[in-house]
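Below, chain A partners chain B and then partners chain C, in two separate complexes.
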Partner chain A sequence: MSFEQRQEGEFTVIEVEEARLDASIAESFKTFAFDLIENDKHNLVVNLSQVRFMDSSGLGALVAAFKKLAGNGSFSLAEAQPAVRDLFDLTSMDKLFTVHDSVAEAVKGS
Partner chain B sequence: MSAMLSLEIDSELSNTTLMAMAVRGVCAMTTLSPVETNRLELCLVEIVNNAIEHAYENQAGQKVQVELELDDSLIRLTVSDHGKSIPQESLQPDAEPEVDPEQSDSWLCSGRGLHIVNKLMDAVSYQRIGDRNSFIMEKKLR
Partner chain C sequence: MPTLWFAILKNHDSFCHADNSSMNILIVEDARDQRMLLSVVLRKKGHTVLEAEDGEQAFAMLQSQPDIRIVISDWMMPGMDGIELLQQVRKTTGERYTYFILLTGKSDRQAVVEGMNNGADDFLVKPVNFEELDARLNAGIRIIELEQQLEQQNQQLSEAIHTIEKDLESAACTQESLLAKPATIQKVDFDWFFKPSKILGGDMFGYHPVDGERIAFYQLDVAGHGIPSALFSFTLNNILSESSDVEAALSNPAEVLASLNNRFQTTPESMLYFTAVYGVINSRTGEVVIAQAGHPPALWISPENKTVNAVMGGGVPVGMMPDMEYQNQTLQLQPGDRLFLYSDGITECEDPQGEQYEEQRLLTALIYSLQFSVSETIRHVEQEISQWRNQDGFDDDVTYLLLEWNP
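Presenting the complex of A and B:
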């Protein structure tokens, strides 16, 4: 399975167990995140530590999950690797997403 | 040094990685920095995905070809398909809308690929000859 979830206090951490979050799995990620949100998991942290490459479809899936929450909860990212951070900078997504250095930091206070 | 490499995949998104890895291998022979190599990979993936998703409308069993030309001063990638052409208005997209955390209309879930490619490559062109569409991208080597 490409994605796993675990609970850290009030936060649900999505572990992306793939080196590439790209067009071939973007739809699966979206479905996984939407299912969590529809099951009342409204504080999501996406752990990107294993993701070495992301394309615009992978980015779009993150944005779709963020939009699905519609401000009702929180959505943040953790441990984005250099190529992924570069994509966030190039697309100004750093304005939209909070990117934490670690999952521990993202769930601090839970 | 001058070299040319031709690659071909079946039109499935899971095959794009093969193209990406092959081109990364060639980039390692050049003066491109790790950041530039990542960006070239991103542009290639965007255009190959575009061919699969839009030219072929996600139908497997079609061919996507990449020709890589390399010399001392330039790397040129030509991504070709035999499907539907990219509409002219999509090739010259309006400026990318500014992302505003307060305006959910600006949180786009798709349509960023060509913006990224136009931003990162030194030259971009598109042509249709017969039934063959070709998206050509160039990056200067320093």
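Presenting the complex of A and C:
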């Protein structure tokens, strides 16, 4: 399984257990995240600590999950690695959602 | 025909009705009476039967009549025996599979192993029991029919794929014809490189005069590859290359991106968004106004200072979120200055070890290319990334656009 989920208080943490979040798994990520949202998990934190590379499809899948929430809940990312951080900088993702240094920080207050 | 045979055949009729598919069957048997007996039995079942006396004759018949699908061959024969014939048949891999039943007097395990190792599909122990012959033949016919079905489906698939490929190729021609030709417009030289990773690309670019002294130029990269991305990039190119009633907007790059963003909001399900750079150059003054949306930053190349600088000011890719704002950056070019626009297919291009080309190598190649003309620079960068890639094809569309201001 490429993705795992666990509950941290009110937050659902999605662990991406892949070195590449790219076109080959973007669809499965979307399905996984949409499934959680449809099952009333509305506070999502995506842990990207293992992801070394993300392409436009991977980025699209993250934003798709964020859009799917449609403002009803929260969506944040944690532990983005350097190449992924560069992509977030290039695409100004900070305007869309928060990228936390750690999962612990992301779920603080839960 | 001796009476005994009639008796056998008559008896045979009771359990075998010729409702099976008719097959072309070759019987290979040196003993004439046994060959004829088998032949009569099989003909009665509605099959077309051919006969051969030995391996050589059988092999020649198989060569000249490819519609023979089942061979029932004796093992022991003078000249080429059953095993040798079998080996020859398996060596000559035709388009169709030949189902091979070996007749053997030997019922021992060793014979079966030897036969199977040489490619036999089934065995019949002599003297042939007709009920068993019938059952084993039916098993063979099932396999041949399955193979025929697969072959037919395979052919339909091949034809369908062929049609799709032809359509894609013609779409690729259309895409190519949409690309602006290398040109000098109002003392600005433009040239480019475009290599889709699949037949169709999601990258697109263009340049055209907005008025007597301003030229718009752009490059965009639709997320994903293939047909949906390509169709989307066709649409965008149409919009951007038409400068009829939106001239005012076209000269304000940030407005162009913001208006595209509001027009093309993606759904969470489709997620077709794109990164873009859009600029307008004043060919009289050398002033460039440029806005970027999640695209690799445009590179500003100065031959005088021998420097390459990334143009600042990014933005969210177009189509991700409504109501995004984009920033105009203003650059004052010096005569001979260049701008290089590229898609991430270059910097993320991987060598055989999986290492990416990255921006630094691109900057080095661009500095080195200052000795070259615009078109030579296009070719030099192509050589550099092809050498880096060191294998056929790219994982992502590779596109870049170079302009040089020569007032």
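We adopt the following convention: the second predicted complex is superposed on the first by the 110 of 110 C-alpha atoms of A that agree within 3 Å, B and C clash if a C-alpha of one lies under 4 Å from a C-alpha of the other, contacts with A are read in each partner's own complex, and residues count from 1 in each chain.
Keep this in mind: a residue touches a chain if its C-beta (ideal position, glycine included) is under 8 Å from a C-beta of that chain, and two chains touch if they have at least 3 such contacts.
Note that this is a predicted model, so its numbers are computed, not measured.
Using the contact criterion defined above for the overlaid structures, shared-chain residue A:59 touches chain B and also reaches chain C.
When both complexes are overlaid on chain A, the residue A:74 reaches neither chain B nor chain C. In the superposition on chain A, contact of A:34 is made with chain C only, not with chain B. After overlaying the two complexes on the shared chain, residue contacts for A:49 are found with neither chain B nor chain C. Using the contact criterion defined above for the overlaid structures, shared-chain residue A:24 touches chain B, although it does not reach chain C. When the shared chain is aligned, chain B comes close enough to touch A:82, but chain C does not. Common to the chain B and chain C interfaces on chain A are residues 23, 55-57, 59-61, 63-64, 67, 90-93, 95-96. Those residues of chain A that touch chain C in the complex are listed here as 23, 30, 34, 55-57, 59-61, 63-65, 67-68, 89-93, 95-96. Partner chain A is touched in their complex by these residues of chain B: 12-14, 16-17, 20, 34-35, 38-39, 41-42, 45-46, 49, 52-53, 96, 98-101, 104, 107-110, 112-113, 115-116, 119-120.
Those residues of chain A that touch chain B in the complex are listed here as 20, 22-24, 53, 55-57, 59-61, 63-64, 66-67, 70, 82-83, 86-87, 90-93, 95-96.
Interface residues of chain C, counted against chain A in their complex, comprise 221, 223-225, 266-269, 271, 273, 275, 294-297, 314-317, 320-321, 324, 344, 348, 396.
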